[in-house]
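After this come two complexes, each holding chain A, first together with chain B and then together with chain C.
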Partner chain A sequence: MAPLAEFGYVGSAAGLFVALGLGIAFGFFLERGGLGNAVKLAGQFYLTDLTVFKVMFAAIVTAMLGLFWLAALGVVQLPLVFVPPTFVLPQLAGGVVFGVGFVVGGLCPGTSCVSASSGRLDGLAVLGGMVVGIVAFNEAFPLIAAFYGATPLGPLTIPQALGLPHGLMVAATVGAALLGFLAAERLERPAGAARG
Partner chain B sequence: MPARRPAQPYLNPYLAGVGIGVVLLLAFVVMGRGLGASGAFSTAVATGMAVTAPGHAAANAAYAAYLPDGPTSLFSDWLFIEIVGVTIGGLLSALLAGRFRVAVDKGPRVSVRGRIAYALAGGALMGIGAKLARGCTSGQALTGGALLSVGSWLFILAAFAAGYLAAPLVRRAWT
Partner chain C sequence: MRRVNAALGAAAAALGGLAGVLTLAGGRVAALDQPLPALVESHRVSALELAAWLRDRRPNLVILDVRPDSTAFEAFHLPRARHVPLADLRSVPPDSGATVVVYAAGGDLAARAWLVLRTLGHDAVRVAPDGVGDWLAAVLNPTLFTDATPEARQAFAAQAELSRYFGGLPRILPPGARLDSTTLLRSTLRRGCAF
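Here is the complex of A and B:
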């Protein structure tokens, strides 16, 4: 019966209201967690503030577990959920360029929207820079189209690629995240104690 | 003007993460797709080009792919409407917490002008990186991460590895 839009319960106009509502909630929680603050985000890369890691992996684990159980209970038809297709080399290269941009700019595309709308001019500048980057990419696209489409693997999940049961991979990811949370709390402790 | 109300402390990061995870799960259950951010800007940029230089936009697949309905695509684009929501949600939360402030968030050693230059440069790099990777921290890391997509996890690992490697070079901007 779900995804609702795939079964015709949500049309394209209603879908746009859903987009607005989910976006508002997404932006709200990003700001609540402090992810509209570039200094806080950049702290992730100097190991002084691991909020980015904690928020991101708590969100990934929550959505992953929810989807796994809803699929196991037959509520969601997992094959109807859109999995972003894998392109190995462009996604590795894009990740590298993006990661450098993240630590230079201190915000990512979604969090720069939150930073800008909470009044921060540096967030607005990140948005301006992003538009410049997208235009540059698009203008250069005829030259890089071949690389952009290189090493396609289609919509591929890690359990499919490794031939492992989905549930095992979900459990392993939860375990890794929990270990990561413990490590994050330990890493932050000295700085937190110094601040009182 | 009364003295500025002290800003509330931020929400516990794990709770904020669970909140975002529930929003992402709702997107999967209702729409059959996840959240995103950079894609909204791809559509906005393509729309801008379609309005100012329609021939140029139509001739380049990188723009044309985001213009299924021509220059009006923006207002029927799911991700663009979602990002409008993100800005509203961020504003609401900041206002309610007493955190709305016209200011520049920056490290203690960098000038305002320097911080803006870093922000522009970082934004440009992220624009290029997100295009190459077909998504950003929202569309790849959060959404693809929760779906255990191979490419999304490669993106996450590459982005964090590069971020940590580049961090010492831009330490002056933040610490």
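Here is the complex of A and C:
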């Protein structure tokens, strides 16, 4: 029965170990997918290498299908799964900061850790910038505290926001992912052919 | 590799398509869309109903306080309640003849406990999301305004009788008057509980 913590199978300490194991696995597969390389990630923005899109969307679809079908089989209780609360404007601003950082640094937080752990200096530089950003955010927090909690919508999922049943949302997302993968392959092929 | 990708894509398409079809067909998969408040709505129990069950010595009644904090439980809890936090609910064995009541002090904690117990095989589970607050207000400190209707006065008489059984203090107040939470808690702690 899951979520494991809600049913008392794991406590907070065991939960941290599970998170550590999942984080190591995630990092390993990011590295094996070549996502520790900023040049490969930059290809995303030039539409020449859409590995990031494919890896991330494949992970989303895998987790979504797993969660939906485990819930349908009665293994997972969906209402007990933690959903982080939505704050519209602060999260939009955070998305912009994240996007600018990704374009400038060539890496996102997860891939910068992967890149740094495999010894890349640009990965270490982005990781250092991230630490500076975390410290700056915490120091400036009293100034932005009001904005940080602005426009709260509580825990909100896309099916709830759109008024769509979960199953239809799952079907639509899988369809969008498969079409996206096909489009990505077509976009990548000419660029790959041009390179040689 | 391309074959593996094609097979995984086909599997995802099949599972995604089936999710959509079964949702449109209704049944168990469509029920996944029910939010927690809607799930527990028909399983709520009011503080007054619970008080009547306790007074009438309803057989096989199990009352669980699922608040995480044992200090809050020791400071005040409902009569005959056992302190079993959410993560420890697996220690309560299902009993087909028992009625289990779970309560907390607001939020969705008691509703989550309801769902955990139902999943673990408990048949009759009732929920009082703010059992503590409702007990303090409706059972231990019921109030009637002086401009109340005859029907309300009649209902209050029964409520007041139940309240006195548990050591409560029914009050008749001028219209619009309110008891603050400190007064409620002080009078409650002074008298203690009937069990």
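By definition in this document, the second predicted complex is superposed on the first by the 195 of 196 C-alpha atoms of A that agree within 3 Å, B and C clash if a C-alpha of one lies under 4 Å from a C-alpha of the other, contacts with A are read in each partner's own complex, and residues count from 1 in each chain.
As a working rule, a residue touches a chain if its C-beta (ideal position, glycine included) is under 8 Å from a C-beta of that chain, and two chains touch if they have at least 3 such contacts.
Not measured: the values here are computed from a predicted model.
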Side-by-side fit of chain B and chain C on chain A, or clash: fit
Between chain B (first) and chain C (second), which does A:39 come into contact with in this model arrangement: first, second, both, or neither? first
Taking the superposition on A as described, I'd like to know which of chain B and chain C A:24 touches: first, second, both or neither. first
Taking the superposition as given, does A:165 touch the first partner, chain B, the second, chain C, both, or neither? second
Counting only touches as set out at the top, which of chain B and chain C does A:118 meet: first, second, both, neither? first
Mind working out whether A:126 is in touch with chain B, chain C, both or neither, as first, second, both or neither? first
So, A:72: does it touch chain B (first), chain C (second), both, or neither? second
Determine, under the contact definition given at the top, whether A:100 touches first (chain B), second (chain C), both, or neither. first
Does chain B (first) or chain C (second) touch A:150, or do both, or does neither? neither
If you stack the two complexes on chain A, which partner ends up touching A:5: first (chain B), second (chain C), both, or neither? both
Gap in Å between nearest CA atoms once chain C and chain B share a frame through chain A: 7
Intersection of the chain A residues that touch chain B with those that touch chain C: 5-6, 61-62, 80, 159, 166, 170, 173, 181
Of chain A, residues touching chain C in the complex: 1, 5-8, 11, 61-62, 65, 68-69, 71-72, 74, 77-80, 159-160, 165-168, 170-175, 177-178, 181
Going by the contact rule set out above, which residues of chain A touch chain B in the complex? 2-6, 10, 12, 15-16, 18-40, 42-46, 48, 51, 54-64, 66-67, 70, 75-76, 80-88, 90-123, 125-139, 141-142, 144-145, 148, 153, 155-159, 161, 166, 169-170, 173, 181
What part of chain B is in contact with chain A in the complex they form? 10-11, 13-35, 37-38, 41-42, 44-46, 49, 60-63, 76, 78-79, 81-94, 97, 99-107, 115-116, 118-164, 166-167, 170-171, 173-175
Would you pull the chain C residues touching chain A in the complex into a rising list? 9, 12-13, 15-17, 19-24, 28-30, 32-36, 39, 86-90, 112, 115-116, 119-120
